[in-house]
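In the two complexes below, chain A is the common chain; its partner is chain B in one and chain C in the other.
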Partner chain A sequence: MDVDMNDETAEEKYEEGFGFEMDRKPMSQGAEARIFKSMYLGKPSIIKQRFAKKYRHSTLDERLNKHRVRAEVKGIMKAKQVGVETPALYFVDGERNEIVMERVEGCSAKEWIEKIRKENDEKEFKDNLSSFGILLGTKVGKLHAASVVHGDLTTSNVLLRDGNPQQIVLIDFGLCSQMKITAEEKGVDLYVLERAIASTHHDSEQLFKSVLEGYEKSGGKGAKGALEKLEEVRMRGRKRDMIG
Partner chain B sequence: MVEVIAKIKIFQWELIHNMRWLYQGFRMSVPKSAALQLYRGLVRYARQLKLTDQDWALRRIREEFEAGRDARGKRARESYEVGIMRDGVVLSNPRATFHAPPGEGFRPSETAQHHRQQVVKLVLRAIKESGIKEPEKELDGIAFTKGPGMGAPLQVGAIVARTLSLQWNLPLLGVNHCVGHIEMGRLITGADNPVVLYVSGGNTQVISYSMHKYRIFGETIVGNCLDRFARVLKLSNDPFPGYNIEQMAKKGSKLVDLPYTVKGMDISFSGILSFIEKRANEWVEKGEFTREDLCFSLQETVFSMLVEITERAMAHTGNFVETPANGCSDE
Partner chain C sequence: MIYRRKNSRMSPGLSRLYQLQPDPYDNTQKATIRICLFTEVTNAVELREKVRNGEIDAALIRPELVYGVYVLLAAANRTVHQMAHNRMATRSLSAELIYSLSPSRNISDSLVTFGIAEKSTALLAAVFDDKSGSAMKKLCKQIAGKPTDMGELNELINAKQIRKIYQLTDAVYNDDSLSDHITSRLVYKDFAS
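== the complex of A and B ==
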């Protein structure tokens, strides 16, 4: 922008807004956000935009979107600190509820699992799955040990950099919560993952078993309590009798 | 480890089973003293539990106790339907509904009695309305609800269906209650492979068909939340609490900041309830929020959460198909 420094209104012009435009190509749409492909200062990036939901009351919607952007940024940072890989954050626009972050090249764990199911025979598939599961469990355990629960663990929210199952990148921390985390919340977090796996991949009980194995190894002293709670959460489920 | 888990399961199963007794005891209006005795017995039993979280068990027992004590507000109607369909077109569908006396839930035995009295009339009417002359030749099969539900009324349906199938020599098809509702919704809306938000008195579930099964992606009990909320505000149960909340909500305008808990595709209302239970009376007394505002906020928050988990399930399965919100065909 061309600004005359002697102009008294120059400052106001700057103050007016932090307008920026970035090239954006729609990439995908999830439940709560749109993802755009973009370049940020020459780096491949994505823009995650949490748009207003028409079905919600506007006040509630605004509150939630702001809260989730904040939660996501904080969650990603905390995860990095404890050595769980997440995409690098480039820019956060609190006004438009947008986060610009690194574009992780590779595929999601969901795609990877279905791919190796096709390519490998049964034994290899199981071995691959369990080594991946242990690693994933370790990562989740690390997060929990640092009092972060992800809140929406699914195989689509786990990315593999360059398709390599050793390089796990966790994304989508919008529902994460931090600080005062009880064993109950950790248990629920694991339960969410278990259900997500069961509903997306058939015959993959092996995967969750090894996730728990990895989790137990890494989770420190809180892990045992969380696993006990998991058992309890499983028992709750739906009302077993459907009277009334 | 396996053994321990199995033990926990048995313990909890027994507990739930006993609680069911408690629950039904109140429904059937056992003498107050007997119910109290049962309650105390259960509490004593729960205190002995070693492998289960005692606080949880005690809380659940108390909840069931309270739910049973004023079982009003629970589902007060139960209907029996007979329908005849051909190639997805409903030819006839007469129904008879049993209304429980005001302020009470219905009792299984009375409901079954009602169904027994009505069923023959209904079947005859269904056949007549559909214009079928020779049911033996024109019908292909007979389907009935095989559960889950209350035993006694279900039995009526099963016996009638079996009798008809034997008499007319037609195949008999038992259908799961929930799946029946879903398939009905699918047929009428014409949706292909939908994500379904299934809301009935006792269940709220997000369901979708995946890998050859209907799978539950997320669940909660919204009915219970509304009922208990209505009790906090002392709303009338006539015709049912949800209706009264909705009428009040239409007049509300201020949005109260309520907890919003979505975990994956599950949601929890307990936070909202305890939040409101603690503060509602104070708010209303001080005039900070009116009761109408509270109803309005509850509806906005709760329904947003329900829509959101449905949306999440859609994103998860990759089915961006229009969703038939299977609005409580029971009630």
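== the complex of A and C ==
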């Protein structure tokens, strides 16, 4: 008897600090996914929700979304294993194409670069940019050495934990690929970053130069080949064949 | 605090109840897990036998391999999720919980590693859907040991062995990032290869 009564009021007895909460409105929405702020078992988290796109054939859409969730989970984990920081995974729902992961507090590299451009004088800016670039290059080099190509390297997909340029966290591995990675693919990965930097930040040639410097240092055996390929890709653009 | 003491009369003193969501953020579905830490356990052999033949329907886990309550709850939430979607790899929720804790996809290895051993003198008992505490109370009677505050879990953790099992040997982690790493590893398991 006693037990039943307690069952009714059980609601209050849950341990505090391990709850679930989710914002109703997304904190950001891209072409691929919506991001919601949330709490997962008491930890600050985000939900990355890949939604169905009506303009694609439903079978294709489903396959792409599933593939990308998978690629993201595997990419994040692989990066962790080789010492490149990524958000922690808290929960994955393969059916609904949702990933719950750690909420990294701080800012994106994109925001940081524009911030220091304002706050620093020209020399400081360049120095800061190049030491950051070297570190970023090292991280990309580590990934490539482990046969992981990120697929969408931009300064928005590089987070700085607590705004600290020493604490790089790479995100958005949905387009990453692993295993049997060719020098060509690595070259394209770098090229995408170069283009992204050039189109988001003016006067930032220094940044990519430093990235390559760091990359060469850490990229191991494959780095040289990838850099050569980068030259090739630069000449012709990202797509391989343009012959009609 | 007074509140807790009042409760302790009906549920086994130091057990704790946590809420889970089989589909996170879908508030219409709920599940719960009740966890209690026991120390000075003297009948591990007998308990293991009872779990195997189904006399005890609870997960009895080696506390030294559980890096904090959060890790256990993350595994528990995976368990209720798999259950809700008919994707369990094992035959019971309790076994699935132990399997969920493991980075390995080998079920029997996982159960041996994370389930209690014959020599265990401490254990974490976990029971799903026991809001009232009656199942834990019953279980408590079968365990020859001392219910202990969950805070003691920190003293029992064997970080070195945990690092080995989750293959986290070379890097330096702080407590939070170690627990995050372990959770990532658990989540990853269902997507490996």
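General observations
One rule holds for everything that comes next: the second predicted complex is superposed on the first by the 212 of 244 C-alpha atoms of A that agree within 3 Å, B and C clash if a C-alpha of one lies under 4 Å from a C-alpha of the other, contacts with A are read in each partner's own complex, and residues count from 1 in each chain.
One rule holds in what follows: a contact is a pair of C-beta atoms (placed from the backbone, for glycine too) under 8 Å apart; a residue touches a chain by one contact, two chains touch by 3 or more.
Given the structure is predicted, the values throughout are model-derived calculations rather than measurements.
Of the two partner chains, chain B is the only one that A:56 touches; chain C does not reach it. Of the two partner chains, neither chain B nor chain C is touched by A:26. In the superposed model, A:40 makes contact with chain C only, not with chain B. In the superposed pair of complexes, A:192 makes contact with chain B only, with no contact to chain C.
Shared-chain residue A:91: touches chain C; no touch with chain B. Once chain A of one complex is fitted onto chain A of the other, the partner contacts of A:154 are limited to chain B, with no touch recorded for chain C.
Overlap of the chain B and chain C interfaces on chain A comprises no residues.
Residues 7, 10-11, 16-19, 21, 23-25, 27, 32, 69-70, 73-74, 77-78, 81, 85, 131-134, 167, 170-171, 177, 180-181, 183-185, 187-188, 190-192 of chain C are the ones touching chain A in the complex. Chain contact summary for the complex, chain A toward chain C: residues 2-4, 6-7, 10, 13-15, 18-20, 22, 38, 40-43, 47, 70, 73-74, 76-77, 80-81, 83, 88-96, 98, 100, 102. Against chain A, the residues of chain B that register as touching in their complex are 5, 8-9, 12, 16, 20, 23-24, 52-53, 56, 71, 74-75, 105, 108, 147-150, 177, 201-203, 205, 210-211, 215-217, 219, 221, 255, 257, 260, 262-266, 300-301, 304, 307-308, 311-312, 314-316. Here chain A touches chain B in the complex through residues 29-32, 53, 55-57, 59-61, 63-64, 151-154, 156, 175, 188-189, 192, 195-196, 198-200, 202, 231-232, 235, 237-244, going by the rule given at the top.
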